[in-house]
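Here the chain labels run A, B and C in written order, and each chain numbers its own residues starting at 1.
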Amino acid sequence: MTPGASPQALLDVRALSKAFGGLRAVDAVSLAVHEGEILGLLGPNGSGKTTLFNLIAGDLAPDAGEIYFAGRPITRYAPSRRAALGIVRTFQLVRALLNLTVLDNVLVARLYGREPAPSVSRARAEARRCLEIAGLDDRAGRPAARLPLADRKKLEIARALAARPRLLLLDEPAAGLDQREVDALLSLVRGARAEGITLMIVEHNMRVVHALCDRVVVLSAGRAIAEGTPARVLEHAAVVEVYLGRGDPPVRPLTGPR
Amino acid sequence: MSRRLVLGCVAAGLAMLPVLAGSRPVVEWSFLVLLYAALAQSWNLLGGFGGQVNLGHAAFFGLGALVTRRLWLGGLPLGEALLAGTAAATAMGAVVGAPSLRLRGPYFAIGTLAVAEILRITVGNILPEVSALPATTLAAYALAPRYYLALVLAGAVTAAAWWLTRSRFGCGLVAAREDEAVAESIGVSVFRHRLVAFVLGSGFAGIAGGIFAYYHPSFYPSFAFNPLWTFDPLVIAYLGGAGTVEGPWVGAVVYLALREALALRLGELHLLIFGACFIAVVVALPGGVVQALRGLGGRAARPRRAAGSQATPV
Amino acid sequence: MTILAQNTVFGLLIGALYGLAAVGLSLVFGVLKMLNVAHGELIMLGGYVTFWLFTLWRIDPFLSLLPSALALFLVGCLLYKVLFSRLLHAPEETKVKNSILIGFGLALILQTIAIQAWTADERAVSPGYAGAVLAAGGIAVPLSRLGALAVAFLALGGLHVFLHRTYPGKAIRATAEDVEAASLAGIPVPVIFLAAFGLGSALAGIAGTLVGLTDAVSPAIGLGWTLKALIVVVLGGLGSISGTFVAGLFLGVAESMSGFFLGNAYREIVGLMLFLLVLGVRPQGLFARR
């Protein structure tokens, strides 16, 4: 992995570090995400994946390193400013504007983000379409607090998509979902990619990783230790060791997306 | 459209009140309702819709009152004096809000409380004399213009609150109240939204103070900074329903009616009852009276922001 | 030069009280993540305990420290049980916000009760040594204020030893650090919360006694003391107990100096300026280690 830029990289992370007390959660990580690709971020719990997400989305400030987005240095931008440029994230433990309706949750995202709708009424119409795509249109009037987990995960993605991201960061989107719900998720993500959205995904579900990712980066103890196509990387000795240490089978048989 | 009809009638009634009401106490009481509704609504812009507790609303009310009173009695036309008072309150809002709203945690509440108390003490030190209207002004004193000023202000602040329920900015402000991280993640600048709502509310509170200065025959300058000018609007907003357009109106009527009734029988002790009511509302009934009534009507499930928008009664 | 030194000494004397007033507030915030803005009213109650013990039975203010602390400890436990414990399970932002609102209502209630019970008059205790002054090198130090300084130092030293050397103290610090970990380690977190609130209130009681000794007590003094405590807590770093006392002394001296240079009418403004400056430049506090 060469640190530094290839000119086409949409997101370019250079030697990013973040420590909490003595713990180096992210340790000089460099990586690039190219326009149109889906990059998977793998590694055991505590390896720094979510911290890296938080740094890229702007929820944390790095101790060292730089972040470039579409060639622009954004290391010191607030999350909202990054969202306006097109970096939008979802949360590992799903979050929503709980007292607002499902529709209003998406409506706000349509009013802000990149390319905000010109008016509230237009935004509302477009937010409804977002809910249709996510399969939530029949729950539009419910308060978000009353959705079951699977629907909240859908809402999380629908809200992020409504902000019209160029780069979408999904933090464990498949966690807690059953087979059928995972299928729905896969088609939602594929739809997003078909619209030209670049994605970065943290995921433990290997089926999802194989089905979606063009390329994966493996983190261990805050460092990027491997990179490549999912199939290749998961054969890599160091990766097997990282995962064996956790007791998981390194590679699961690839099953079809549907 | 019966709602519009009702609103129209209320607005017309309020506009005609000084003409129709025979007795001065009625007009006086209505003036106070308008002033308190306006003050509570101005607190509500950030406190209710934005969810940030401003414990120093008195500072902005007091600054508006102080500046307006001194300039007006100093010979400036009332309009210009009011404008200057509003500007002072707005500027102070920006000075306090900019550093304290940027941070998470209780910094904003502490900052606003500090500015109000310190201004009160300082103004009390520097201007210990009571400020009384000169005899010529008193001789020409009429309640009606004061009443109409308060009516216009209450209408304007309510219009601002109503705008929050249906504008992009209002959506962003409410989103920031519900979850800062989520709001930021979709592009809402939490800090900027809160600052704008706060500065706007401070400016409105300044006008309310200016109208009070125009209304009151004699008061100590530090009285306009009394913490009660924070406490009353807070109680009113919470009683009626923080984060709703109609809450401050309902709250102001209930509060002033209760105060009238209680203060007569209990004197100072009525503050104890209001304090207890306030705590009870915060702990048990965070939606206030408005939402409780809605709940009785079977509409409790509707979220606050989307639940009915009410037009300004101007 | 002597006047400057005199002002510094007065600043330190009053600053020690600011620090003591703030430490209780800071302790409660650090452990419970709740901000009790009725803290000043608890100080006011402590002042009345001392006033009445002295007025009715001629009990020396220094002897009333213990009953005052004890009484306020109980009051604090009661307030916590009835009101603040209801917020325990709220999300952090809501917890801070609602604790502030409850405290604000509580302040009004306690103040009204005090007016009803004891009138709005200012009260002061005047033991035999009230006017005594210790003079050295042209600097005069009122004896009672010096005693108050000593008590403040002792109380904070005692608190430090308690928090760092004893098991319950360590449990309180562990809970402040990480509630879940503390709970997993077998620390009875609900008891710790109650104890921390009671202890914070007891510190307010001690501060109140010293206020009663060196200054006047009236039902209206609460908000002023809350304000001083809040500013000190922010200057010292929210939740940092060690930084708080230093910040109290600092504010005391800063006020005293500005009173000297700008005139007494403007001395309060300095606290506000410091506060806004610290928020803008160093929000973690002037004297916090982090």
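Following the convention adopted for this analysis, contacts are C-beta pairs under 8 Å (C-beta built on N, C-alpha and C of every residue); 3 or more make two chains touch, one makes a residue touch a chain.
Just so we're clear, the structure is a prediction, and the values are computed from it rather than from any experiment.
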item	value
Farthest chain (mean CA position) relative to chain B	A
Chain centroid nearest the full-protein CA centroid	B
Between chain A and chain B, centroid-to-centroid distance (C-alpha), Å	43
Between chain B and chain C, centroid-to-centroid distance (C-alpha), Å	31
Length of the line joining the C-alpha centres of chain A and chain C, rounded to whole Å	47
Residues within chain B bordering two or more other chains	none
Contact set on chain B toward chain C in their complex	51-53, 55, 95-96, 98-100, 102-107, 109-111, 113-115, 117-118, 121-122, 125-126, 180, 227, 231, 234, 238, 268-269, 271-272, 274-276, 278-279, 282-283
In the complex with chain A, residue positions of chain B that touch it	166-168, 171-172, 174-175, 178-179, 181-191, 301, 303-306
Of chain A, residues touching chain B in the complex	57-59, 78-81, 83-84, 88-91, 95-101, 104, 107-109, 111-114, 116, 120, 123, 143, 159-160, 162-163
Parts of chain C lying in touch with chain B, wherever the complex brings them together	29, 35, 37, 83, 86, 93, 96-98, 100-102, 104-106, 108-109, 111-113, 115-116, 223-224, 226-227, 230-231, 233-234, 238, 264-266, 268-269, 271-272, 275-276, 279-280, 283
